[in-house]
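In what follows, a structure is listed as structure tokens, so that the remarks can point back to it.
For clarity, chains are labelled A, B, C and D in written order, and residue numbers in each chain start from 1.
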Amino acid sequence: MIDRYKDLDINKIWSDKNKLFLWLRTEMAVMHARLHFKDEISWEDYERIKRSLEENPIDIEWWKAKDKEIHHDLNAFIQERIRFMPKELRKYFHQGMTSYDTEEPAFVKMIKDSIKIVERHYFELEKIIKEMAMKYRYTIMNGRTHGQEAEMQSFGKRCLTWLQDLRISFRNLRKSKENLRFSKLSGAIGNYGGVTPAIETKALKFLGFKPQYGATQIMPRELYAPIAQGLSQIVATINKIALTIRLGARSGRPIYQEPFAKKQTGSSAMPHKKNTISTEQMEGMYRMAKAYAMAIMENIQTWEERAIEQSCVERVCWPDLFHVTIRVLKVMKRVLGGLVVYPNNMLQEIYESRGCYASSHAKEILKQLGFDFNEAYRIVQLAAFNVFESAREERFPKSFDDADKLITMDLNVFYKKLVSIKEIISEGNSKVSLQLSATKEEVQNWNNKLREVFQHSENLELWSKIFLPSYLLRNEDTLYRRILRIT
Amino acid sequence: MIDRYKDLDINKIWSDKNKLFLWLRTEMAVMHARLHFKDEISWEDYERIKRSLEENPIDIEWWKAKDKEIHHDLNAFIQERIRFMPKELRKYFHQGMTSYDTEEPAFVKMIKDSIKIVERHYFELEKIIKEMAMKYRYTIMNGRTHGQEAEMQSFGKRCLTWLQDLRISFRNLRKSKENLRFSKLSGAIGNYGGVTPAIETKALKFLGFKPQYGATQIMPRELYAPIAQGLSQIVATINKIALTIRLGARSGRPIYQEPFAKKQTGSSAMPHKKNTISTEQMEGMYRMAKAYAMAIMENIQTWEERAIEQSCVERVCWPDLFHVTIRVLKVMKRVLGGLVVYPNNMLQEIYESRGCYASSHAKEILKQLGFDFNEAYRIVQLAAFNVFESAREERFPKSFDDADKLITMDLNVFYKKLVSIKEIISEGNSKVSLQLSATKEEVQNWNNKLREVFQHSENLELWSKIFLPSYLLRNEDTLYRRILRIT
Amino acid sequence: MIDRYKDLDINKIWSDKNKLFLWLRTEMAVMHARLHFKDEISWEDYERIKRSLEENPIDIEWWKAKDKEIHHDLNAFIQERIRFMPKELRKYFHQGMTSYDTEEPAFVKMIKDSIKIVERHYFELEKIIKEMAMKYRYTIMNGRTHGQEAEMQSFGKRCLTWLQDLRISFRNLRKSKENLRFSKLSGAIGNYGGVTPAIETKALKFLGFKPQYGATQIMPRELYAPIAQGLSQIVATINKIALTIRLGARSGRPIYQEPFAKKQTGSSAMPHKKNTISTEQMEGMYRMAKAYAMAIMENIQTWEERAIEQSCVERVCWPDLFHVTIRVLKVMKRVLGGLVVYPNNMLQEIYESRGCYASSHAKEILKQLGFDFNEAYRIVQLAAFNVFESAREERFPKSFDDADKLITMDLNVFYKKLVSIKEIISEGNSKVSLQLSATKEEVQNWNNKLREVFQHSENLELWSKIFLPSYLLRNEDTLYRRILRIT
Amino acid sequence: MIDRYKDLDINKIWSDKNKLFLWLRTEMAVMHARLHFKDEISWEDYERIKRSLEENPIDIEWWKAKDKEIHHDLNAFIQERIRFMPKELRKYFHQGMTSYDTEEPAFVKMIKDSIKIVERHYFELEKIIKEMAMKYRYTIMNGRTHGQEAEMQSFGKRCLTWLQDLRISFRNLRKSKENLRFSKLSGAIGNYGGVTPAIETKALKFLGFKPQYGATQIMPRELYAPIAQGLSQIVATINKIALTIRLGARSGRPIYQEPFAKKQTGSSAMPHKKNTISTEQMEGMYRMAKAYAMAIMENIQTWEERAIEQSCVERVCWPDLFHVTIRVLKVMKRVLGGLVVYPNNMLQEIYESRGCYASSHAKEILKQLGFDFNEAYRIVQLAAFNVFESAREERFPKSFDDADKLITMDLNVFYKKLVSIKEIISEGNSKVSLQLSATKEEVQNWNNKLREVFQHSENLELWSKIFLPSYLLRNEDTLYRRILRIT
């Protein structure tokens, strides 16, 4: 991964230094287990080896040079280590083992430790979203489906959805983590040619693992594919949130915006810009996360008791996938933690939706008041089309002159009192719409019927109520209680 | 593909009936070529075979039953056909050939014919977009980068971009089509065990192909992967256009909308909805097109002189990819052909961008008028932040009561005369912004300097000009001339 | 999916008929739940509705025609159903619901039922593999890593690995199945505009679900992506097994082969062929499964409270993914159930590996007998290179004449007694190899030392033992015990 | 990319240093073009700017620090550069431009230069394969389809296929390269707000490009996706070759092997191993190349006149894709350049295929000699099954004792004279096979008929001929002539 997107914690975990340290850890665990079963090696010898290695830390450069010569990094490591051991004790090192016996426990440890970093950032992000949900509990906005204004909701409720979606993806990762409890020391083809099952069990226990019975020379990559997919799914969910932020941040009337640093430059050409660059980057990161996960998933395929197709992919794509995941978590913490929210604009959006935020309730009430299913639907639909049909003619300029004229006229003409379906319907004022199939007679009939119905003040009261937040959001309490476990 | 998304033309091309017809065509072409080289078969025999096959059309059901029995569709086809041939002539049928000699020319023919269907729809789509570009030549709108209002442009110019992007993707497909000029009849491992190079050349010529020298039992799938990617890239470009339509169709103030059928239902719950379901479907289709192209691309991999991994993928994913591509072209023709455009809303967006649509020109003019690079940038940035900084305090309701109150107050309060950076700057009225680092003194200095500069009427004139379409769009002519080859 | 690869069970589950049946089931469950809470509807009305719908089964064709007209399949369904209901009761149908309230529980039910089919085939496959493991408990073969002969193992042990790898992938699917316990009825944006939380809970209980709190108009697709990936991972594992079968079935000397039907045709050109077409198809199916899962995974992305990008993908890719998964399971049951195993060829392979199947033990023994780490390694490596270095000169024919001569000479020359590293080493007969860096002196020294060591009969005995299955496979017992829980 | 797989040439091209150098190149080209049109700037000023920048090379560290501060790398670059320019001239730098005007030409230049590196390695690889084709022109081997021995061919002919497949993929890349002839300087939304079309044309000409009319703020990513796919397809083809090498290198009897360095270590456990690690790595690289290309392809999607989703993907995946492509080319040059070929083993494989390498010719000859289509096929199939049916009973050991016994018996029993279908058929010696449906009577009849036919010496002569390389490979000449343009 390029420096720009690197996470330092992840970098450390996947460094050569840490890898060799973990390889050594495996070797010592096996030796220790042999000791336990009195398998050849004695306490004195074990201690002598341990001491000699501790006194001579691994020389990464020596190891790299040797690797270049013999094209085998694990053998290079062994040669680096046994340099410092008494000749007669060298046979105990890596005894009866194959490279991947040493490497597999180290590899899984790196994944496990990286997930810990993911978890840390994840929980911080979760906390931020919980706080947002509480803060915006009564901040009303239009929900949107298909990009269109739908019913009214609180912004807090949208935050609860984000929280829940993240929790699903995170729970999914956690479930896959169980796959990391296993490892193997069962030799070149997995039938314990060099290390006995008992020694394997003991040594793995030292390392924090249980044996994966049936492993070949390597652990089955079926165990790790779900981890990679789990990570990329977390990135997917965060990108979904990012997308919804980008959509709300569209000018002219943003309902929220990414935090913008004081010295930040929006665009080298256009000084007025507050670009949603952080949330847009999430989409790019998502493209990469998907790609890395796909490559890792393909590592399941191999020949017989193993071939080494998976190695280069794992060297590159695992750390890169973690870098991307952490990056996305960090950026989203910053974006949500500093999100600039505009309740006024949210309110203006509601106002401009001209009562349609309650259209489904309007339809239900009409059914209750005696209109049939189809009728109720079409009455509300017609009113909705009426309130949005512009009085002003749409004109397409034919020349620059035309266009110049448009721009210099008094554009405040745009702002006039908005009509709502609330009035159109309760006052029986619908008109035929070219976009809908209702005839003049039908509309007339509906209007008459509506006027009659709404003469009754209890009906009108009922009608008014459904346009209020206290009515429309009345059931969001349940979400708060269930999701945040509060009242 | 499910019926809902099937194209009938594509369906016909990839039908069993057409496939067997094309297999027969290969067989007859080879026989014909043998005749030409006087290779064993005589005119009389050839004619007898031809006649007997013409008199007995292929029985698809018989063939299917036989395929089930012997697990080999091509051999089942041969057996179906030779039933009707005089016993002594049967040896001439499929003589010296392997299954894929028969199948490969048929397969490529199906791809070629499918591409013709793509091309037909593509050109119709291109025509629609060209007409749009002309129609909306002077319909001004805000360009958008990062979802934010950028500079002013015509909607016609946006259409030109769509046209050009589509042309790139289509040109890309066309280039790959050259790969379809080749086929093979060179036998079981591609070294002409049964058919000589001369007969191959002649027979392929009858079928409209040249020999692919070096083919194995099959044609190298390297030839077809770019076709699949080319198709999926066309879908990608159309989805990009669809995405931009969805973004412009966001309520409350759509600048354009998908056509909406009179009897169409928006949402079963919310009658007011005019959902962008067609353009959203493009995204789903794009997900599938990518997937199919990926699977087809993987067909390059095989063992030695071939294994049959590719067969099932090709049976399924090629027609499905074509169905999806055609679907997307058809839907986009309907959407763009019937696009409802709202120039008033476009104009209102421009107005509400408060002059920022000319911010880069403003910055350049200020540099011209003596402000240095950094200063010019920061003055315009500050003015832009000023005009958007709301006078009204942002308040977050603390209860449903609060929220109910908000919704019932006079919301026409939102509409007031908008201030533009045009005036703010030329009148020297900038104010310190909490979001930017400019100090009070700096702002004061800038304002003074600006007032002085704009005392000069020629400067003010220059300044006013840059906010006009005739100035801002003056270079779009070039695009029209270059792209549409008109003046 | 094309007929060729369709599974009838899956087809039924994803049919229109079943879908509408399940939609109706949701509607009735909600009505039933309303009844329970005495929410408007009475027992009598409920019963009347139920009866009228039962007496008039859904007319699929009517529904299809209506869908075409109004472009909305759920609304078309509602209109089809209410046709048969007393006018005054129609308001109770789909009351307060949005389309996806009806559809989501149906959709998850289809996935759940499809997984049941997967499970049935999976368990049958598992059973077959267990039986194979028992049957081939002592059938010795060379394990292979990197395609090269590695240590000896039993074929039964390889079957155990297949079993375990499948179990991992299957367990992975099972874990994801927990995600299918949830559904939603919370309305157009998920804040219970039409159905109360209590009714949701009750109705979902009738349908076998718990509420997903925080759902928007739709369930978060985060829940389903892991299912799709789980299915595609099962296909991946089966393809891995298929790959290992293909590798073992390579002629000239197959160690096992796919079953071959008596009337099956291998190749239309080459009558001697027994092609591994079933296992090769697995690779194609895997390419498709990956693609479908990827498309489904992308469905996580959507806008705000939902857009409908996911719909077409789900209509197509879910059933197709299940068809492919079932296909692969069925074919693998047939292939493994009828696998033709050649223990003689396995034995011959062992013989021809010239003792190298015990090379790691040889190395360990030498270390035990006093050779140092590096020396032991190089001695065995040299012996291994020696036994494979051909006595006969490699010649490249320069003409067809040369080539014809080769083919007509007595080719039985190839068969001579094979030399094993067992003898080479114990008799101290190693020779310098051009491929290795050991000098003449080194080799001489090694030989001398080896001769000395193996003068001692106890050393020789030890040495002989490591070449025997009873020694080499001694630890496979553990695998049998742990994996099959037998002794 | 990690160091292990980095290519130094690619690394240099994609370095910060080179990027900033290329950005500066764009800036100077635009200034130069302005000069040409006498657009504000004078010769003296241009020269002064140029000199001041040349005298003060870019300070990468300064730039990095500034980027961190303002979150905008291009603006940081501008600020770095104008530091050194006379105050009054600064306005000419980046005048009227947007960041991506500067960046796009630089970006494409990096891709173009990287492709040059690809081409260099590609042509070297092509040369190696051509030489192989010539060298192995008469080296006979079994072709393989479905992993099964098919007809005979020369190894040179297989090399020709590799050559042709690579050429297709390379030609595909070359065609896409045409997309790199274009770039843009048309400003923030692509309608020449700051730079006129004439200046764009001139400046791009200096840089080696033509204008892409219709570009937005950025170039359409449709232009680059095919390049990425073209690169990944080259990797795919190389991996296909690698796969075929791995298959041929399977022990016990490799027909070719990767070169093996003298000090190379095969396996840390098994000293006899000569693992195909280089060709296996190709598969891993292919997994990555596919993934990178997919991520890059997705960059086509963006919003309106651009958002910045593509940026991080391009920073990471383009250089990584090039590193992987170059790696694969380099390794394949080494592998093929040093491939160890075993013609003896190839010959032995032919021998052990027992004449089946000519089975399709045998079938054709029999048809010629009067057998009908079906009969000819079944006779050859039966003979083929006969020669492979082992005389020795297949036994499955029931215990370790059994297994130990097997291994210690005289295993030279395996080697006996092989029977060929050549004799079986010409001598009329076929036997009923349990695997085929031919009855005893049928077989008897065939044998009788065959004996009669082959009494005639001209028939027998014809028969013998088809088993010879000079006959079977007679048409390979055409391939050599057509592909290598030699005779």
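Just so we're on the same page, contacts are C-beta pairs under 8 Å (C-beta built on N, C-alpha and C of every residue); 3 or more make two chains touch, one makes a residue touch a chain.
Just so it is clear, the model here is predicted, and its values are computed rather than measured.
Participant: If I average the CA coordinates per chain, which chain comes out farthest from subunit A?
Facilitator: So the farthest one, by centre of C-alpha atoms, is D.
Participant: Over half of the residue-numbered contact pairs in common: that is the test. Which of A-D, C-D or B-D passes it against A-B?
Facilitator: Within A-D, C-D or B-D, the interface duplicating A-B belongs to C-D.
Participant: Does B-C or A-C have more contacting C-beta pairs?
Facilitator: A-C
Participant: If you average the Cα atoms of subunit A and of subunit C to get two centres, how far apart are those centres in Å?
Facilitator: Spacing between the chain centres: roughly 27 Å.
Participant: Distance-wise, how many Å sit between the C-alpha centres of subunit B and subunit C, to the nearest whole number?
Facilitator: Computed from C-alpha means, the inter-chain centre distance equals 35 Å.
Participant: Could you say which residues in subunit C touch two or more other chains, in rising order?
Facilitator: 78, 98, 144-147, 150-151, 187-188, 193-194, 246-247, 263, 265, 267, 269-270, 275-277, 280, 290, 294, 298, 307-308, 360, 473 - these are the residues of subunit C that touch more than one other chain.
Participant: Within their complex, state which residues of subunit C touch subunit B.
Facilitator: 1-2, 4-5, 69-72, 74-75, 78, 94, 97-99, 187-188, 193-194, 246, 261, 263-265, 267-270, 275-277, 280-281, 283-285, 287-288, 290-292, 294-295, 298-299, 307-313, 315-317, 320
Participant: Flag every residue of subunit D that touches subunit B in the complex, lowest number first.
Facilitator: Per the touch definition, subunit D meets subunit B at residues 78, 82, 87, 90-91, 93, 95-96, 98, 143-147, 150-151, 153, 157-158, 160-161, 163-165, 168-169, 172, 175-176, 178-179, 186-194, 196-197, 211-217, 220, 222-223, 225-226, 229-230, 233, 236-237, 239-240, 243-244, 247-248, 286, 290, 294, 297-298, 300-308, 360-361, 364, 367-368, 372-374, 472-476, 478-479, 482-483.
Participant: So in the complex, which bits of subunit A are touching subunit B?
Facilitator: Counting only subunit A, the residues touching subunit B are 135-136, 138-140, 144-151, 154, 246-247, 249-253, 260, 262-263, 265-267, 269-277, 280, 341-344, 347-353, 356, 359-360, 363, 377-378, 380-381, 383-385, 390, 392, 394-404, 406-408, 411-412, 414-418, 421, 435-437, 467-470, 473.
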